[in-house]
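I have placed the structure first, in the form of structure tokens, so that the comments after it can refer back to it.
Order as written gives the chain letters A, B, C and D; numbering starts at 1 within each chain.
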Amino acid sequence: VSEPGEGGFPTLSDLEALASRRVLDHIWAYIEGGAGDERTMRENLRAFERWVLLPRVLEDVSAVDLRTTLLGAQCATPFFIAPMAYLGEIHPDGESGVARAASGAGTLAAFSTLSTHSIEQIAAAAPDGPRWFQLYLQPEFRVSASLVERAERSRFSAIVVTLDAPVLGVRDRQTKGGFAIDSSRPVGSGEDVLPPSRVPVLQGGTYRLRSDAASNWNVVRDLASVTRLPIVLKGVLTVEDARRGVAAGAKGILVSNHGGRQLDGAIATLEALPPIAAALGSEIEVYLDGGIRRADDVLIALALGAKAVGIGRPILWALAVGGATGVGHYLSLLSTELATAMALAGRRSVSEIDRALVERRSVH
Amino acid sequence: VSEPGEGGFPTLSDLEALASRRVLDHIWAYIEGGAGDERTMRENLRAFERWVLLPRVLEDVSAVDLRTTLLGAQCATPFFIAPMAYLGEIHPDGESGVARAASGAGTLAAFSTLSTHSIEQIAAAAPDGPRWFQLYLQPEFRVSASLVERAERSRFSAIVVTLDAPVLGVRDRQTKGGFAIDSSRPVGSGEDVLPPSRVPVLQGGTYRLRSDAASNWNVVRDLASVTRLPIVLKGVLTVEDARRGVAAGAKGILVSNHGGRQLDGAIATLEALPPIAAALGSEIEVYLDGGIRRADDVLIALALGAKAVGIGRPILWALAVGGATGVGHYLSLLSTELATAMALAGRRSVSEIDRALVERRSVH
Amino acid sequence: VSEPGEGGFPTLSDLEALASRRVLDHIWAYIEGGAGDERTMRENLRAFERWVLLPRVLEDVSAVDLRTTLLGAQCATPFFIAPMAYLGEIHPDGESGVARAASGAGTLAAFSTLSTHSIEQIAAAAPDGPRWFQLYLQPEFRVSASLVERAERSRFSAIVVTLDAPVLGVRDRQTKGGFAIDSSRPVGSGEDVLPPSRVPVLQGGTYRLRSDAASNWNVVRDLASVTRLPIVLKGVLTVEDARRGVAAGAKGILVSNHGGRQLDGAIATLEALPPIAAALGSEIEVYLDGGIRRADDVLIALALGAKAVGIGRPILWALAVGGATGVGHYLSLLSTELATAMALAGRRSVSEIDRALVERRSVH
Amino acid sequence: VSEPGEGGFPTLSDLEALASRRVLDHIWAYIEGGAGDERTMRENLRAFERWVLLPRVLEDVSAVDLRTTLLGAQCATPFFIAPMAYLGEIHPDGESGVARAASGAGTLAAFSTLSTHSIEQIAAAAPDGPRWFQLYLQPEFRVSASLVERAERSRFSAIVVTLDAPVLGVRDRQTKGGFAIDSSRPVGSGEDVLPPSRVPVLQGGTYRLRSDAASNWNVVRDLASVTRLPIVLKGVLTVEDARRGVAAGAKGILVSNHGGRQLDGAIATLEALPPIAAALGSEIEVYLDGGIRRADDVLIALALGAKAVGIGRPILWALAVGGATGVGHYLSLLSTELATAMALAGRRSVSEIDRALVERRSVH
């Protein structure tokens, strides 16, 4: 764990502003931008302000334990690094650096299909993990299957299938910022891997999308047939879809709206979480990403039923500011803040973070 | 369909700011201004932020179909161009240019009584339509009847009767901006056509308004007697008035508050829509205008019962920026955004945009 | 009625900003300031944004009648000029000018005990009225009685007794602005007339206030015994106090919080109005002041049960901008705006402004 | 009581801005900063805007009495000075100056374990009190006991045990501002007194906190065994903990979240108060601190069940502006404002401030 002071930011409050000065404008547009008018991106944050914490006092909190298990793997924290694309565009340390920082902290990290470094490079950088592999469903199933097999061979411990990107969202800030990946370089995971397609094409009165947009619930069973790894479905926002996922064999549901980068207007993840966790939290693990910034956000999501929460943009900020060291410092700051918050809330362990800790905020 | 890049704006986010730099101040005051303190104008927009989308995943969305029928006519999109006055003041392409752009996109356009180009010029510019004619009730019924007959002869396919303007609203921004039409030029539709009157005159303790303000529900039947075209009532905001309209023979109700330009304080159209659609949506077609900016707005209104939605100010912005080309580009951007949003929502066709797609947003 | 253009402001939107440039800073602090942190002053305005209008269409609105009766007197408008102190400090036309403008418009005006011009001067300036006299309860009842008798002799037609000022509110903006009346000049109504006292004095652990703060409900009966004029109680905010007032013989209740200048934190008048009007509106007349700026505000308050509404600060602004002419112009603009709004709402007369016109706005 | 004008600020509105110019930046960061993103700090203030006052008129309010008893002691005001650390860092007058000002006003003051001046110096500065001693539970109980005994000997009349600081909150503004106490100087209360610890230390997967974080409910009984003074528990936010406290022998509950400086996200104190006061207000005394700025805040909290309210940051502001004189002036301004507000609300004494005075504000 890095020491306070390393990585260049003294507190979590400084991180976003510092990062904005470290990357080129078009990269910043990519990091910060959301879909459409960015309603969902804003709502992801605001949803946390609708809940307040009800701490308990005079519990013995001389020792606070942040550890949890995620799909059977020991993790040092109930937060993990959400999968994000193209980390090498933000800092040369890229996915390998993030993997080293996460592994050093004992924190789970999920890595994207659209990585700068390959599956194998990531595994080599931090052999001890824990880590998950995020899969974009590929137009050809054999490509998806090949990615999953490589991840399994490289000792990734779960497959996170992204379901909210049959086509790329309309991202104005990114478009205007001119964000573009050097297409002469293949993504790290291989030359035949394709990102979601951007522009629907009008043909005969109908918009044709990429063939992987044709995926249906059978693909979950197909994936389960080519791997022993547990499957997590990412991008689910309704109880109905979560139930379908469990019926199809998923072991985890990651409540996500892609950080507000896909369907603008979609419900905030924190608003979508409680009914899904209530309906299915006893059968499978339910996670959330979107809007997690500080320890109180973690407490709220866990109290509302999340087994763990994914951290997105703050990891990009920390990576931009200090590479792997910056990410390690971020994880350290957030861990100590979470330990502090749990002590102040009178909760000694993750299992003590219960529904009684939170209450809907009174309306302004 | 125009290509991205044409018309001068890369994304929908840029349009309003770009347009503001292309027109004279008094024209901008006309475009942007509303009635009174502009409460209703603002509320029209804010109402859309009170709903969120609940997308479905793993539907096969490899083909998305935006087409619909409006009063029996095939239309390429479930949005249409709302009727707006004096388009020639904004760009020389005027109504004819808008007609060409709409026809090229297969999108329905409605044209105002108070047009710069005449009914016949509009029809000649884009013979294939589809298009509707908007009628301001005239002090003399024979003038109204004459306009309707000319529209019918020019193959307009419906008459949209504006009911929310028995007198012109108090529009401070427009007044201060000095917006004025050159009264030496007749409006396009003819020399005997009159706009709604502005200033009530006090006589004997009573304010006397223009004689067409005397219109009552009989006028709907009178109009039906002089045309075979279906009649749409524009400006209805209550279930009671919508029922009266249906009883009087209307085939469509356009829930509208004139873009917040008439009665300030009037309910936002999106708030007025659900009870009207619930009560009458199975008997007639219900539409909405006011506040539609992006694809998620379209989805919300359709999910709440609108058969289609009218686009207002964004068309004026696009016209200001790039004339007919700009309007075409706007329609193209909005269409691809809508196709994208439908795919991301798991809805392949307009008929699949159901009530389950939306949920009232949690209160902040 | 003055013509648009006279008095120096083209629309109601411009009035406040224009006025701010016409008066000295300490006068402006007096006009604009409220009590404490000015919560109630802001709330008075915001309360109107919580209601929306549901207009009716295709009513015959060729003639719109704004007239009403207030305590039996014919008035041209359902709004009146609320009583305000020291009008001569704002413009040399003072109370006499306001009286002339109001009388010219046929609008009721109420004049304050703390006037620059005397009761008799006001009556002489505009003999035809209609006008009411506002009474601050004086430490000695004989002074109150004398004021009432003078008002009655000068053909004022009602006495408005202010009940929300047993002591002056804490007004920081006014204090900092240094607003002070030249105490060598008596107020217009006479040398023995005293304003509410400002600073409570601590004596023996108890704050002693001015002796008129000792008033109780008997004072209403006492006043009734010295005048035949109907008594209106101003500053009532609860049903309980309104009932007491009716029991004591009041003929009208003016729901008011002194424009947010007395008890900061007090309920907005529009929120206080509905239960009082529902409970007592059939027995006596109920009025409201506080936050009325535009025609839609008038419609909302009348729809919620007010017989008429008082206008406060806008009259001061108009007076500052154009003296009596400015006030006349304001009344003219507001009257035509109200006639327009009634036409657009489908209401031909004040009696048609019913509860169905308004609906609680959806929450943001 | 100081006269208006002394101490350098004419109204309560000016105080915060004036103070910001009188202290060094790092001190200002200490005064103003809260924990994390300062949600709770902001919410403490906003919670007061969710209630409105319903004044009564025509009560005889010629004399208004602010006096109350707190745990049996006579106090001139129903507000008291909340305990705050390191007052000598803000102004050389320090705790002794605050004690003199409070005693002069007859207002209760609570003094922190982490004082610049010692328990005995404070008592000597203002022998008449009334005053309370705030205790941070010390790692060794003998140190806590010693502090309590010294306070009792110095005629403090109650012990306020802070329960919401088993570890120091994460305070970004303070960290960035570089606030630090000169550790070569012991805190005023003695060399063996320790502040709450800042950084949890990770050992073997568990965060170890200072041993006083091990405190449980037995500590309340242990304290009761070494003093005859009544014990007030500070930092309680739930009914459950308040009940435990009463069962353990506490005579008062101070509903507090440490001014938003400990657990960010914690419920606003005004939201936490009503259920605690309803459940236990008849058995013990319930107080509140957090967000009290003006007289209406005091009225709201008392109407919702607080026996008295603590003032925090405004005292620091007043101390920064004018030392003991500034604090005295603040207490004088707030007292006269409260007397004024009670008169305007129709409440002559603290006991008349009842639940009927307040109503939940309508939602915006």
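Please note the rule applied: contacts are C-beta pairs under 8 Å (C-beta built on N, C-alpha and C of every residue); 3 or more make two chains touch, one makes a residue touch a chain.
These numbers were taken from a predicted model, which means no experiment stands behind them.
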item: Partner chains shared by chain A and chain D (touch criterion as defined above); value: none
item: Shared interface numbering between chain B and chain A [over half = same, under half = different]; value: different
item: Geometric centre distance via CA averages, chain C-chain A, whole Å; value: 59
item: Distance between the centres, which are taken as Cα means, of chain C and chain B, whole angstrom; value: 41
item: Touching two or more other chains - residue numbers and ranges from chain C; value: 49, 363-364
item: Parts of chain B lying in touch with chain C, wherever the complex brings them together; value: 36-37, 39-40, 43, 46-47, 49-50, 163-170, 172-173, 175-176, 199-200, 202, 205-211, 213-217, 219-220, 233, 235-238, 240-241, 244, 262-268, 271-272, 363-364
item: For the chain C and chain B complex, residues of the former touching the latter; value: 1, 4, 10-14, 49, 51-67, 76, 106, 293-296, 299-300, 335-337, 339-341, 343-345, 359, 361-364
